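Please go over the structures that come below.
Presented sequentially are two complexes of chain A, the first with chain B as partner and the second with chain C.
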Partner chain A sequence: MKPAAFTYHRGRDVDGVTRLLRELGEDAKVLAGGQSLVPMMNFRLARPQHLVDIAGLRELVGIHNDPDGALRIGALTTHHAVETAPSTRVGRNHAVVREAMRWVGHLPIRTRGTVGGSLAHADATAEWCLLAILLDAQLTVRGPDGERAVPAADFFHGYFTTALDSDELLTEIVFPRPAPHSALTEFAERHGDFATVSAAVSLDLAEDGDTVRGARIVLGGVDALPVRCPEAEAVLSRDRPGTGGVLDECAEAAAEHIDPPSDDNGSAHYRRLLTRTLVRRACEEAMTR
Partner chain B sequence: MTASTPPHSTAQYENSQLVSLQVNGETYEVVTEARRTLADVLRQDLGLTGTHLACEHGICGACTVLLDGAPARACLMFAAQAEGSAVRTVESLADGEELSDLQQAFSDHHGLQCGFCTSGFLMLAEGFLAERPEPSRAEIRETVASNLCRCTGYQTIVDAIEDCATKRRAAFQAQLDGESP
Partner chain C sequence: MTTEPKPSDGSLIGASVARQEDPRLVSGRGRFTDDLRLPGMLYAQFVRSRVAHGTVTSLDLAPVLEVPGVVAAYSADDLKLVDITARLDRPVSEFVPTGMPVLARDRVRYAGEPLAVVVARDPYAAEDGVEAAKVEYDLRQPVTSAAQALAPEATLVHDEAPANTLLDVSMFATEGIDEVFAEAGHVVTVNTSTGRQNALPLETRGAVAEWDDRDRQLSLTTSSQVPHQVRTVAAACLGMDESAVRVIVPDMGGGFGLKCVVGREEIVTAAAALRLRRPVKWTEDRKDALTASFLGREQHYDARAAFSAEGRLLALDADIVCDMGAYSCYPFTAGIEPMMASSEMPSVYRLPAYRVRARAVTTNKAPSAPYRGVSRPQYVQVVERLFERAARELGMDAVELRRRNLITEFPYTGVNNVTYDPGSYLESLNLCEQTMRDEGWYELRERAAAEGRHLGIGYSCFSERTGYGSKAFAQRKMEVVPGFDISEVRMDVSGALVVTTGTMSHGQSHETTFAQIAASELGLELSRVRVHQGDTNRVTYGWGTYASRSVSIGGSAVRRAARQLGEKLCAIAAARWDVPVAEVELGRAAVRHRADGAQLTFAELADVAYLKSHLLPPELEPGLSETASFDVSTDGTFSNATHGTVVELHPGTGQVEILRYVCVEDCGVAINPRVVDGQTRGGIAQGVAGALFERITYDDQGEPSATSFMDYKVPTALETPEVSVHHLETPCAFTETGAKGVGEGGTIGAPAAVLNAVNDALTPTGVELDSTPVTPETVARALEHAS
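Take a look at the complex of A and B:
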């Protein structure tokens, strides 16, 4: 189908865009890579009267390493730019971020789709949303009245809803700490499509490489938001995951923790089975990092 | 002439804009409604109907074109978003009646049957090979998963892309060998 009529505005800088958004009110939408918004407009699930194209805001493009070990990625950076970033940019400490990109849509989607668009769209299976929760990211948000930092845990409110106001732009995502022992894996019927279930694991390993000081497990595709599994995390911190049966127990705890939906992509039962397999796989990958 | 009714209804007039596009090396100026996608403008305004359109929501890849060398879905962008970028469509591949090496490989390997999906696969492969001239077969398979083909079963498409990559590398090597003293 074809989208409904709208007026197109081309943004020049962040301040100008946020002021324009305030002026235009609820009828306006930001257009970044368009890989989520344009399909919705083509289906007429979205009919904004104004589109503010922010693709020209080059200040929002880029990947930066801070001396304190934080990784900062500008909101307009494409998935593909992160996927192909040299290891001097996205190093071993954040390898999971780069490696997760091959799961985000297909090449022609990744060349256009942006980090900020994915987070603002807030699909519960989107890899960026999982990564944000997994690695305790801070999201930098700017509006006409100034800037604020929102912890990922407070950013996602539910299906496609976030802490962003209609006159605010997401400008940057900050991963504050190194997370070398982390992995993300998923299952989709066709590689590149949105995952039926995705699982991400991050481990804080002691020097012996086997004792877990802390663990975080996040699932996508099982609820309106990316879901943490505290019971499964506790299993890993209690027993050394290398020892027999611990990973099975952890995977089982994750599968029991969730109350997944049944839909065209899979029944609740099927999602539980996937969860068990994927959590185990992600743990194994994270440990061997 | 006295000013009377504008050429379009007010609503349409408000939403129309002048868009300057660079396509296959030529510059085009088009007056179009903001809501028209790059795919629609390529096909209807510029007459470049090699770019196909099917699902219009990013799933099938029939509309794939190159934007500054990178494959992109022409159904998922408005024409105005392509301003300032070099667009390449399937029409840029052949030289007159002579097929490009990639097109020839598709023909040799029967990488098409009905041909509806072919322009999308060609542009996908052209952009992919430019970035990854030495892809593994697994990488080619993962990449072509982005586009839908209802006829071939994909094996022949993968064969064609792999063969084209091999031949390009051989030609490049021959060129290097010829240059060395």
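Take a look at the complex of A and C:
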């Protein structure tokens, strides 16, 4: 469990890093908090020739509120910084982002792991990946030729693969709209494990407070990507969730929508059962927000 | 006989003094094997088999030597080490000895088996070297389960072991047992399997070896529970005198049995250091610790019990198969689990008729070592399930059924020819149940049921044989017979004490508890007693720490030696005063004249013993050093406990939540009750781990599933219940302090209690679960079954 030899590069600024990445090509990996990459290197499952350490890029650290209500989080912000951000930074409209952090690994992981690192690593059960899809995030990506914004829906391509080119750096995640009625919940055998199944729900409530105008339901742990469940979302928009059986129907629709894997953490059957439970739980939590 | 523990009467025995070890350990000043850095030290890593079963057709280390930083690489052919072979004195029909080569030669028997060692200037280069090795195999069919091992025409793991069976014993077979079963009103059965686990010391294995020219000694620092046994095996494998080998064990981060056997890697590390005449360090990484060290616990039981209509246990019949993996461990052999299970399975109950067959089968998995509790967590699980099942069939309360059958008259000689010394079997059950009732859990369970929730209450009763002396081990027919232990107690010129022990604390607090024993005996302050262990140069001999033997045997040796030293101090004082010895007695760090109260402090007496020896009478030797040994000539002493737990099952996820855990334990005189609490809680954590979380599985090619803590689901503090520990005290009649062992009890009782509670909660579903671990998916499916 020692990595193979690599050349270490310390990044000084975003432009320098993207230029260096272009120069180094496919043999380079970006090192942020190192919470996924370093274990993979220690197992020699990842063997980058070059490691570009961006930990010193302070420009990528920070949590900002835009006047239009958008929440912007710098890619090198740690999970822990988000978890402990004051409500003046991460307000009621984005409380789900802060609250989801308690599901991310253990405290030591959260103090080192970064928002951008998690998104770029693109584990389909990672909380940030679910949040990005759930809240229609825009991912700001910079390369040697400039900056582009990638909608979350286009960012994740499959197991550990994203829209990032090898010379691009994820610099920021932007949550453009308020999402006060949102929740994320998970189940794993142990605290801090990657979820066997995770479910995130975001509701747009009408003035009356219990009619849903629009809903989003995203699941993790059931496929190579975070999965949206349009049929289940439609159930919520059709009937008042408070009325009998609607949440059951919604949870059932989500469970039917997915084609989960069977592995040591649980069979497909069990993942469907968890999906029903967690979708229901997330809906209830989102409604009461 | 049984009393609540009394507050200490000024003696340090029974006092929860702070641990002497803690200041250094909690401030990061502990010194572990991996902390050792020697000038010119090299780093070893192992080329390990990638396949579970095969013949090595070629092993090419030439490319390894090309890797920058690599200094040497050795295979079995280079080092020519003698195999490690553990034996039992039994006919080959019962036991087949199998050698464990220190490095595999032509045959590999599990994925991860060491084939060669690479020594390099740093650990990174060592791993580069490991990658460069070229190994080719002729694959053989891997045997990945006990069922496969025992199937007709199964591939043989060891050619000399037919039916892949290393041990096969049938015992006790009480006359007429078949008739008892035929005529009994009620016969219940349990077929169960328990998961393969890793004992998982946080500190992985490791070694630093160096040839010392001045002492003409190999110095081998290693994390081991059994320093002297490592010395014996290292000397034998390397062809050296034992006195030419010094084994040093510094601070240890746990062992739990995994380190009470002799591993191969530390011997190879020593051999490499001897070859190179440079210090060599090996530190096991977590992947190797999970896949290629020693495992345990994977057992299968086919058991039935007969009960009378009044709920009397009439007979027990069990067929036990233990999946011991690829090799016999030294010194215990692959017989350790099946022999423990078969000889102790009658547990705490009066049993008139017993029959058991117990087998150790060999498979292509990492070998087994005796993990904390050794088979007792498993057979207690089976016996306690049998009681629960019988209670259901008899329509009787399961606690009441236990009460009717618990041993209450002591000493009790069982059908298994074991004599049980006095304990508080019934009292501990009564107190545990009363605690649950007083806390209102029974009402809560009813209320929860009315709300459609699933709460369950479960108990387990057990005793644990501790202080296995040479007689008990000899009955197992081990060729190497552990049992006694030796302590030397030495007073220095200033009147302070050094105590040596052949036991080896790997978390048990011996520096505190053994000091308490010696300090109490001599009326010394605790801070003036130093306990030395873990160095074969400093300690005469010892059998190390396992089988909950240390306080009962090692602690007794300490007390005897301290008493002898006290007698010598009295003799010196009497001589100085020219009075008969009967007129003097030990006081606080001094000897007192009974009549006139005159005192000679230990420092004054030590001054005479060392610096003014001309004042000693001729019959007294200069110096203040006494050595004593202790062995157990009976069947040992039995600690006992009842565990009670309340769980809630969550239907949507299958999660088992432990709401309450109560342990009523009796380990005789608790030298330090807080240390007992710690042992109990830690043990219960490992028992819960086995009940609900941990399991190593293998694919059909024999590849282990768990290579990191992502896959091996050791519970964290957040999954571990808070435990209330109540103490009862039935002093042991024959240990020097009245103490019984307490190292393993927590682990033994927990799986059965948790499993029984889960089954209690599952009652409305009609589903019964007997195997462990009980995963959330298993529970979720059981609850689905109901709805």
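Heads up, the rule we're going with is that the second predicted complex is superposed on the first by the 289 of 289 C-alpha atoms of A that agree within 3 Å, B and C clash if a C-alpha of one lies under 4 Å from a C-alpha of the other, contacts with A are read in each partner's own complex, and residues count from 1 in each chain.
Quick note on the criterion: contacts are C-beta pairs under 8 Å (C-beta built on N, C-alpha and C of every residue); 3 or more make two chains touch, one makes a residue touch a chain.
Here the structure is a predicted model, which is why all the values come from computation and not from measurement.
In the superposed model, A:H191 makes contact with both chain B and chain C. Of the two partner chains, chain B is the only one touched by A:H80; chain C is not. Of the two partner chains placed by superposition, only chain C is touched by A:L274; chain B is not.
Of the two partner chains placed by the overlay, only chain B lies in contact with A:T111; chain C stays clear of it. In the superposed model, A:Y8 makes contact with chain B only, not with chain C. Shared-chain residue A:V38: touches chain B; no touch with chain C. Under the contact criterion defined above, the residues of chain A that touch both chain B in one complex and chain C in the other are 1-5, 39, 43, 106, 190-192. Residues of chain A that touch chain B in their complex: 1-8, 10, 31, 34-35, 38-39, 41-43, 51, 53, 55, 80, 84, 102, 105-109, 111-112, 190-192.
Listing the residues of chain A that touch chain C in their complex gives 1-5, 39, 43-44, 106, 187, 189-194, 264, 266-267, 269-270, 273-274, 276-278, 280-281.
Remark: chain B residues 11-12, 14-15, 17, 33-37, 40, 56-58, 61, 64, 67, 70-73, 75-78, 80-81, 124, 127-128, 131, 142-143, 145-147 touch chain A in the complex.
The touching residues of chain C, when paired with chain A in their complex, are 123-124, 126-128, 131, 285-287, 652-655, 693, 697, 705, 707-708, 710-711, 713, 715-716, 718-719, 775-777, 780-781, 784.
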